[in-house]
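Read the structure below first, then the notes.
For clarity, chains are labelled A, B and C in written order, and residue numbers in each chain start from 1.
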Amino acid sequence: MKHVKTLTFAAGVSALLAAPAMAFQDEGTVRLGSTEPLTGPGAVYGQPTIIGKKIAIEEINAAGGIMIDGKKVKLDLFSEDDQAKPDQGVSIFRKLESSDDVLAITGTIYSRVSETMWGLLQKKLDDPNDTGLQVPAMSFLSMKAGVASISPWAFRNAGVECDQHEQLIDLVQEANGGAEFQSVVAALESNEAHSAAAWRVCYQGSLKKRNWDTKEYVEWFEQDTDFSVQVRRIRRAKPDLFILSSHYQANVGAMLEMARQGVTPKYMISHIGADAVEMIDLGGKAVEGVVFPSTAFFADPGVKSLLDEYSKRTGEWYMPAFTYLAYEGMYLMKHVFETAGIKNQPDTLAEDRRKVRDALASLKDWPNPMGLKLTMGATGDISRPYVYVTIKDGTFKLWWHPTKGYMNP
Amino acid sequence: MLELRDVQVSYGEVRALRGISLKVEEGQIVTLIGANGAGKSTTLRTISGLLKPTSGSIHFDGKELNGTEPHEITRSGLIHVPEGRMLLENMTVRENLLAGAYCRSDKDAIQSDLGDVETRFPILAERNAQKARTLSGGERQMLAIGRALMSRPKLLMLDEPSLGLAPKLVEEMFESVSTLKSEGTTILLVEQNAYGALAVADYAYVLRVGEVVVEKDARSLLTDKSLLDAYLGEA
Amino acid sequence: MQFDEFFFIDLIQTGIDGAMLGSVYALMAIGFALIWGLLGILNLAHGQTVAFGMFAGLVSAGHLKLPIPISFACAVVTGVLVALLVERICYRPIRRAHELVPMIATLGFWITTEEILQKIYFHMYFKDFMPFPNPFTMTRFTFGEFVIRFDYVVTMSVAVVLVAALYFVIYRSRLGMALRMVAAGHDIAHLMGVNVLKTLRSAFMIAGAFGGAAGYLLGYVANMANPYAGSMATVKGLFTMILGGAGSIPGAIVGGIVLGFTELESAYLFSFAYRDAIAMGLLFLLLVFRPQGLFGTRVEDKI
């Protein structure tokens, strides 16, 4: 037994020593970094994300891998856990960049962590005075407005949040027969960064553009349990359009109180914080009718195999859109690695990283796994078509689809 | 009934007791006298288990007390009325007395003992619904002793019962101590008021800096003024 | 705030809701007050009795579908067990050390068990917010313009019964006598023949029972269980205890109701966003003029 242990140890040591020489193309792998919150409170988002990444990588490698420089190599994910903490994200980012020598770094879910990590990156391309890190970085969520503009090396595939809200407000007005809303009421989860930014940057802009005033505006905190005061104010305003800039925990509490007080706005819209199975689990009937934007509807035929695999691994019947975004992100990386003309050698790492960045920045009409064509925008955000989802009869249903129009009004 | 053999106690580096040996026979009043800081209160706190001796042994009622928890020592009938009386300030006089009987379960006897204590100290009966913190110095002392009696002590250890009392009350207090003795309670009395204590005691130990410097029959010590002055200074 | 025809109705309604909400805060604060009053230790792990009580309620009522009274009892028992663990790990072995040492130990217990609980939720449910069964969530009583939630009435009633039971124990039982003696001072309690260590263990158990009950009721009124409830309970519970007077049980009860009332009324009258800041500011003002809190008096007057 001891003998075996020694052997394993020796093998480990020699593998370690041999690693630099055998790495990359000759080793038959291409290295990709990943950081997500895998433990701690952020794990509820991080785990569905890493599962999406892993399913894609397993599919890619099972199909032979990635064609680089005329040879198929396997995608090797260097996965780290940032626990949704900015400082931890920063040290992971440095480690992935300098000691793991990954070609690109994917992650993370939380805007405030991505923002901090990406603060390490070069601000201006080809600026010799800028000593920032030069490694392509891509998050599959980080919805806060403007995060990808931090650096030319930073990208996102989740779309542009303000575009979603802008389109959704147009759609509800169209559904309302084009008539003006008599009473617009908004609620903000004021101590949560993403919700606060969505309210200030997106919703307020959309309201201003239309010269709409909110008849009532209330705030609550993410961890609140009593919403009676806010909902009374909402009730007095008799809203026909109710805007939620808040995540599911608070949404559910507020909407249950709305049901208790008999408040039934004609239209209720939310940001992607409502994209969680907990809305239905916790809110039941009270959350029915809310509409929110999504990048991938979980029951779309294009993501069926992903949903099945996800359900098998988690026991969940519902898959949030960001699992799909992570899955799509891995295929996007594969596409970029295959088309950027990289060599995948230790000594070509710097130029390879630059090639990957350039390929990401110039991405045009790439057909994603759902068959939609994606193009990278100037801010580092992929512009993409959105679907709008509602909750009805105890499940999520499409409310509006780019090609099918209104579905469950 | 109580015997200490070469008991030593340290507070960290400081040796508070440097080997105390003393004996209390049943039915006696034994007094520990000495100047401030001589180790009198420390001796009592050690006997009642609040302090752990670093060496030496304590025997009470035929049992060795080393390592016994303080509440078990109390339950064995060795009752300590600490200096400053330590009343339960926010409880009523009646509750304080009943607290003294906390370890007993004989309800009828407790009631009759309560009657006895209130006969002995009628002021306690008068004030039975008042909070202890509202009592005067003399009343506090009566309550402390009354409370101790409620636990039916085999041996009663009184720490400075005359402290802070008016001269007339001091006299009354020493009288009550003799009365207790005549009723059969064994008493270990710690006092700075050496003359008062020696007048009621059978046997006396004089402590200085954590050591017994003299032990003697109380009556003969009382007459040996030069010896007393030598060890007690101003006393 | 809008000064319109609904102003007074909403003002009163908000006060009613606030007092009801405050009864849960009171239950959370009692555990802190007991331990502070008896030991002078800030038991930062106490919130975990709330979190684990909530979890026990979730498993027993949500998962095993046990009747409400039985699952409530499960929550209480779980709170007691967690409190015993705290006593065993964070108090008993290090009780002779400086009082900061047990406090740091309870801080460690809080952080560690919150992480463990989060992992348990994740392992069992793959999520951290779970529906907590409350069949009466939509039931409400209407009195003219005013509305009272049935689940709040239940919560308040349970709180009243538990507090009454606590008072009975403190003033009418042998354990209560021992607790009051320990509160007066450990030395004097020893000299009165009280087994101080055992009494303190009972105090931890009582505190845990209140924590577990609060955890169940918190999940019940919010319709939601989550592993972070302990942190919330620790913050609100400590706040309530200091408001009421450190270590005072009547203070914890009145402090809880005052806190719930102040939170909701300041949200209604002034600002939602600065609700906690306003409540904190009021507390600060109160402590400037009454440093001992609403009910705090001298050290011995703890329970």
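Rule of thumb we're sticking to: a residue touches a chain if its C-beta (ideal position, glycine included) is under 8 Å from a C-beta of that chain, and two chains touch if they have at least 3 such contacts.
Quick caveat: nothing in here was measured; it's all calculated off a predicted structure.
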Chain contact graph, described as a line, ring, star, complete graph or other shape: line
Chains most often in contact, by C-beta pairs: A-C
Centroid comparison with subunit C (C-alpha atoms), farthest chain: B
Whole-Å gap separating subunit B and subunit C, where each centre is the average of the chain's CA atoms: 43
Inter-chain centre distance, subunit A versus subunit B - centres from mean C-alpha coordinates, in Å: 76
Between subunit C and subunit A, distance of the C-alpha-averaged centres to the nearest whole Å: 38
Residues within subunit A bordering two or more other chains: none
In the complex with subunit C, residue positions of subunit B that touch it: 48-50, 69-71, 74-75, 79-80, 82, 86, 88-91, 95, 98-100, 102-103, 151
Sites on subunit C touched by subunit A in the complex: 2, 6, 10, 13-14, 17, 21, 115, 118-119, 122, 126-131, 137-138, 140, 147, 149, 218, 221-224, 226, 228, 232, 264, 267-268, 271-273, 276
Touch list for subunit C against partner subunit B, complex: 174, 177-178, 180-181, 184-185, 187-196, 298, 300-301
Residue ranges of subunit A in contact with subunit C within the complex: 39-41, 43-44, 47, 190, 218-221, 223, 225-226, 228-230, 232, 236, 248-249, 252-253, 256, 259-261, 277-278, 281-282, 284, 314-316
